[in-house]
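First, the structure itself, so that you have it in front of you.
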Amino acid sequence: MANIELKNINKFYDKNVHAVTDFNLEIRDKEFIVFVGPSGCGKSTTLRMIAGLEEISSGELYIDGVLENDRPSKDRDIAMVFQSYALYPHMSVYDNMAFGLKLKKTPKDEIDRRIKDAAQILEITDYLKRKPKQLSGGQRQRVALGRAIVRNAKVFLMDEPLSNLDAKLRVQMRSEIIQLHQKIKATTIYVTHDQTEAMTMATRLVIMKDGFIQQIGTPKEVYDHPKNQFVAGFIGSPAMNFIEGVIEDGCFKFSDCSFKLPEITHKRLTDYHGKKVTMGIRPEDIYTEKIVEQTYPEVNFDFKIEVSELLGHETIIHGCIDCHKLIAKVNARNNVKAGDVIEVTFDADKLHFFDQETGQSVLHETK
Amino acid sequence: MKNKKFVRIVLIPVFIHMIVFIIMPIVAGLGMSFLDYNPLRSINEFIGFSNFERLLADDNFKIALVNTLVFVIVTVCINIILSLVLAQLINMFKSNKTRSLFRMIFFLPCVAPLVASSVVWGKSIFPTVNGLANMILNALGLSSVNWIGDPSMVMISIIIFTIWADIGYNVILFTAGLDGIPKDYYEAAELDGANGFQKFRYITVPLLGRTFAFVTLMTLISHFQMFAQFSVMILRNGPANSGLVLTSYIYKTAFETKDMGYASAISMVLFIIILGITMVQQKANKVDWEY
Amino acid sequence: QGSSDENSDKTVLTFWGHQNEAWNKAYEEMAAKFEAENEDIEIKFEFFPYDQFESKVQTSLLSQEGGADIYELWGGWGIDFAPTGALAPINDTLTKEILDGYYEPTYGSLMFEEKLYGFPLEFNIEYGGMIINDNILEEKSISVPQNWEELRTAAKNATVKDGDTFVTKGFDFVNWDSVTYMFTSMIMSQGGSYQNEDGTFTFNTEEGRKAFQELTDMVVKDGVTDLSGLTGGEGLEGYQQLFAGTTAMVPRGPWTISEGELSFELKYGEDFDYVSLPFYGETKSFAAETGWSLAVNGNSKKSDAAMRFLEFFAQEENLLEFNVACAQIPASKEVAQDPEFIKKMPYAEPLVKILDDGHFVGYFNTDTFKEKINEVFTEYATGGYASVDDALMDLDKKLNSAINK
Amino acid sequence: MKLKIKREQVVRFSIFLLLALIAVFFILPYIWMILNSFKSTKEILMSPKNIFPEHFTLDAYIKVLTNSPFFTWFKNSAFITITNTLVILFVSAIVGYVFSKYEFRFKKTLFMIVLATMMVPAQTTMIPSFLLIDKLGLYNTAGALIFPTFVNAFGIYLCKQFCDEIPAEIIESAKLDGAGDITIFFRIVLPMIKPAIGALAIFTFLTYWNDYLNPLIMLSEVKNMTLPLALSFFAQQHTADLAAQMAASALIMIPVTIVFMTFQKYFIKGIAMTGMK
Amino acid sequence: MANIELKNINKFYDKNVHAVTDFNLEIRDKEFIVFVGPSGCGKSTTLRMIAGLEEISSGELYIDGVLENDRPSKDRDIAMVFQSYALYPHMSVYDNMAFGLKLKKTPKDEIDRRIKDAAQILEITDYLKRKPKQLSGGQRQRVALGRAIVRNAKVFLMDEPLSNLDAKLRVQMRSEIIQLHQKIKATTIYVTHDQTEAMTMATRLVIMKDGFIQQIGTPKEVYDHPKNQFVAGFIGSPAMNFIEGVIEDGCFKFSDCSFKLPEITHKRLTDYHGKKVTMGIRPEDIYTEKIVEQTYPEVNFDFKIEVSELLGHETIIHGCIDCHKLIAKVNARNNVKAGDVIEVTFDADKLHFFDQETGQSVLHETK
């Protein structure tokens, strides 16, 4: 219902803390944008500036083309879901949802209708009379969503709404929020530092670090083509493995090992011949299957297993190749255990290379 | 778990102490109220409910009762409202220095002994001719007020003094209570479109419930028991008994009229009133949520 | 003070009194003299703030252990304490001496079942004298009033008002003691009485109504003073206002003189004077109550020694010396009439003249008595009763139920 | 943007002014008291309109300090107050802890009884307490003001509230670490409820330092008296030495005011959690 | 260092709540036992009975053959790590760890040595002087472990020690605890309701529900051969899909669909011919790859996608086969999105069947 434009937005706290630097982003109507990044990177700050809860130090914020910088939040027509839910503890679920509408002097039966509708979508009709304290975490979460929905606000902001829930519930609420967004189609900005949430929910991801935007893109783009080493390491679980080495003679050399790079990769790396780079490979791109080994016969290594974690149908193995600690995610069918030395293969087409100084992806840049 | 020994070691002495120093005196007081009691005499006559019957016919008791209730209710109400407003104003400052400066100033009167402040106010602030209060009024072009000599003013003056002397505790309790309300609620309300007053009305006031219940309870209890200002500040019982309250009536009956049995009867009534009112207050202030 | 040597077999008497610089000094001097004569006895003093003193005495009497051997006792308290056995009776010789040679009002309340429980030191006279502010009277050329009519006129003339507030009060008799004693004395001087044989009160008599109306008129009609002396609100008491220069005449005891001299730094005889207060009726008669006395703790194990101290006090030259030092009107007729006394306390003359006309106010709690009279007086003066009849009828009712319960 | 800040500043400034005005009302009596204590009684009586002393004099203070055993009273007050505070802190903490963290029969009832004692007006028990103290031979001793105070309902309530905040796991951890009840109380619970102890310390200190009624009744000898009684020391039967009373008031208030100002940070921190939960 | 035996242990709260029923378990020295189960199933209660923090209502608890029922916890020589860490907030990290030893009057230098050692293992040497408040969640967790380690206790109990950590840290701490156990080899009981933790850490798993033990076994046993429908649904994420149907003519029939069962499976199900059963299949046993389709040509279905969640290299798709809601976990290479209808194949060898009344696994029983 709204597009949002952030232009060169900066935020200083107490003149010294530069929490957000030159934030530029255009959000289209109905998008589901996820801000992701490590703790303290400025996600909440940015969100709160959009909501008007925090002053914008410099730059411009437009919603539907109107400059919003100086408008008080109560007039911005934005709904927000807080990490703590911030449900009014002294009001029933119904009153929590009705509060904003009452303040806007919405007619009683209209309020009632909207709440009933929202309650139905969220399956909380039975709890309307309860106080927040009498609800479980997931139910509270739904009420918080409900309170935002009934307002029919132009923009929906959510600041780590799931981080207070336990893992199982988090998974469930995640898909409920996705479905909800598909139904009501409000422009949504969602903040999290959980990359699983980020990956599964976003239409576009904004990855931040230290107040700077690192990359903007769809989850797939970001996963497959991380712009820099930070993004590469941040997205994906277990995290990408990094190995420092040198490009020489069409090979990547590290310690005593070395392997030949595929043609295209090597071509893209021409600028780095003879230079130090950081190679990255995702745990799931390391295989133990013989069949893969045969595909990439050049990139087979001995892998010494230190810990192996069985995760149902797959196993995560921690270990090392020639002193380089690596994590691999392999099929559980192969019964491996700590202490074993096995042969693994890298999927050479899925390698990433980063400049050691700037951390920028080398392949990406030249793409 | 099975470790009840420790509980016993701690609680038994405590309850023995309570029985000796609190419960026994209450029971003894109750007993005395059925006697024509004078501790100097070795035999005191049992007179049944006569002391209580006397109460019903005693105009001074009625006056004292009404005065006490008026004093407590008015003072507590003003005290609570004012301290809440002051606390809210103080909390509008971000700087901790400003906050604690004001909190400290408002608390200063609580630090002084009530007798001392009563002397100061009674002897140098309220007097019609020499008092600071009238000097200020005159300087502002207003006419003098007979603060503690006019029967219709006595209670008002005492209330002003009591609020001055006692509000500091509550200001601090409320500022603390306000600090304890998570900021989220205000932000959520702000996004819901609430203005400053609406936030105060719909968020602050109800969320302060717990503090509020505690503060009113403590204030009620302590105000029923106030004594020093009535005995120090006003002449005898004030004009036309306008300053006579139950506590001073009890003291007077026990130590001036030396009618201890009757004094005990009055103090039993006071006890029951306090107990009753606090129970009602507790019920009314039940808080069924928490953050 | 003499060192209290634990090893010596001296009897140590504790003596409690209320704080008053002059009095306390006088007691100590008496004790020193006494100790010189009785080397086996030592007296230790403890002086308490006046407003704590009564409850102190009372609670200490409740206590079996604590407390003093000798108390400075307000005569009126005798009514409460004597019947309980908390005080020791005075020995027979001294009793006889008192009954014969002391003014009746001074020991009336110390009597219980034919025995005396205290030795009266002074005649507390609340009627008969007043202080006057010479400067004000001079300025208005008013001479000292000699009879009731002159008093009323002088009071009116001396009064100056600025709108509703007083610049000068002419005659401020409205205080806790004076209203009662003026009222009772006015009744008695008309030949009337207020207490019946059986102890009940009847103020609603011809004389009573006349006196009550007269008093009220002075406040309401003449406006020579207001009720603040009873209702409070002013920082200063009436006589202090006289010293402060805002009141012309105030009926009070002679003890006020020292305060005028000390606290207000005024000169007696120059700035202010102590003169007779005229009687209202034909008869010279007034009511008076007790005064301070000395009593011995009933539980004291040293009551013999204590009694010796009282006897020592009773010697005329000691009593004279003490009364003068404390500026007290003597309880003993002999001392009062001693020319030596008037020589030393010339201002007491107007009072000493009339001591024989004083009558014991009655055996009842005078605090309650005064409280009720003041209550009705205030109420009547502010229009709370339809008529003086109603007011006095109510007063009788109140007194009879409060005092004779 | 600029405008907005300005408006906010104006609002804040007017609130500041308003509070400052009220604050003046709160401290004015103090200033007046201090000013009067530097006047002579005569000046207070004769020239009430003088705001500042015409003749600045310390006579009143000298009088208070020399004419009365002020330092003895100070010592008495300090001894009684400090003893009471220490004992009450200990008893309240340990009883609060027991009520908070142990399960036993009649717990609720017993706790209600403790709370109910808060509602007993002093006047109700004044007379019997006096007789009791006398029977125990404590009359006119500091003990009369110390022994009856040990169990303080408010203190117990406060400490219980705070102990409720201590997670059960911490106590259990200590048990598994091999700590017994006493060890847990002293080494774990007591340090953890420090803020409550701080607030309670100031509360009780103020209460007993300023107590008037009990010393009035329970003490008889001047040498045993406490400071609040000193005020009436300067109120003689008829003459009130106003200057001395003001000076005595000032002298009584100064130590507590200093104590309070020094510890106010802790006090406010402790009080902040008082009864809030 | 100890073996623990629980015999017929029961726990009643307030006479009404039967929190633990007939609990029987023998734990061998050095085992790493994990109790797992939904909230309120009695995990904590059992653990707390072992620690002596909760009275045992009936039954016997032996540690190294000694009856422990009535021994107070302070004498049991058990170390415990709590969910909330329960660090003493007023003591430094060092003092937290030293507390138990000091109470046992261990010599000062011995204490110092042990703490230094433990700190080194846990990499918290730098924080020894800090107060718990000044540590991050993961660091606090390590201190809590350290406090337990230094005690050299016979038994190690941990009650959901990771549930307060964020996802990333949880993964890391998980492997640290495993490594730690491999080092110090203390008999450990670990409580969690997170099945990932359960699967990856346990030497043996105890799965509980409503106070009853559901199954005891190694993670692989439990994953591959769940004893009943509860265990089947509980272990594995996303959870196993269940479809109700009938066994008829060697086929499993549900709604309008039906497929032929493999020979062995069918043989084991003879008792259930013509009867209603619940079939279970894990999301990862549903494939979209053509190659698998060819292996099981009989078990192909049309799958209508409702939500698809990309998780890096794989995608979780929620959808339905003929009104039966199912979740599948498929390779991310296949680009699928909500609304699509795709063909999926069940790995017919991995099917589970449960009795509809008892919920017991049918295959399992007859195995």
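The first chain written gets the first letter, and so on, giving A, B, C, D and E; residue counts start at 1 in each chain.
Simple rule for what comes next: contacts are C-beta pairs under 8 Å (C-beta built on N, C-alpha and C of every residue); 3 or more make two chains touch, one makes a residue touch a chain.
Bear in mind that the values here come from a model prediction, so they are computed numbers and not experimental data.
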What is the shortest path, in steps, from chain A to chain C when you may only step between chains that touch?
-> 2
Can you give the shortest number of steps from chain A to chain B, where adjacent chains in the path must touch?
-> 1
Relative to chain A, the most remote chain by C-alpha centroid is chain C
Count the C-beta pairs in contact for every pair of chains, then give the pair with the highest total.
-> B-D
Quick one: report the Å distance separating chain A from chain E, using the average Cα coordinate of each chain.
-> 27
When centres are defined as mean Cα positions, the distance from chain C to chain D in whole Å is 40
Distance from the mean Cα position of chain D to that of chain B, given in whole angstrom | 15
When the C-alpha atoms of chain A and chain D are each averaged to a single point, how far apart are the two points in Å?
-> 56
Of all residues in chain B, the ones touching two or more other chains | 3, 39, 123-124, 127, 129-131, 290
Touching at least 2 other chains, the residues of chain C are 55, 62, 235-236
Where chain E touches two or more other chains simultaneously, the residues are 52-53, 72
Chain B to chain D touching residues, read off their complex = 3-4, 6-7, 10-11, 14-15, 17-18, 20-22, 24-26, 28-29, 32, 39, 86, 89-90, 92-93, 98, 100, 102-117, 119-121, 123-125, 127, 129-132, 135, 164, 172-173, 175-177, 179-180, 210-211, 214-215, 218, 221, 224-225, 227-228, 246-247, 250-251, 254, 260, 263-264, 267-268, 270-271, 274-275, 278, 290
What does chain B use to touch chain A in their complex?
-> 182, 184-185, 187-195, 198, 202-203, 206-207, 209, 288-291
Note which residues of chain A are touching chain E in the complex, please.
-> 163, 166-168, 171, 174-175, 178-179, 182, 193-194, 196, 199-201, 219-220, 223, 235-238, 282, 284-285, 306-307, 309-313, 316, 318, 338
Provide the residue numbers of chain C that touch chain B in the complex, in ascending order.
-> 54-55, 58, 61-62, 80-81, 83-86, 165, 176, 227-228, 230-236, 246, 365, 367-368, 371, 375, 378-379
Chain D contacts chain C in the complex at 41-42, 45-46, 48, 130-131, 134, 137, 139-140, 216-217, 220-222, 229, 232-239, 241
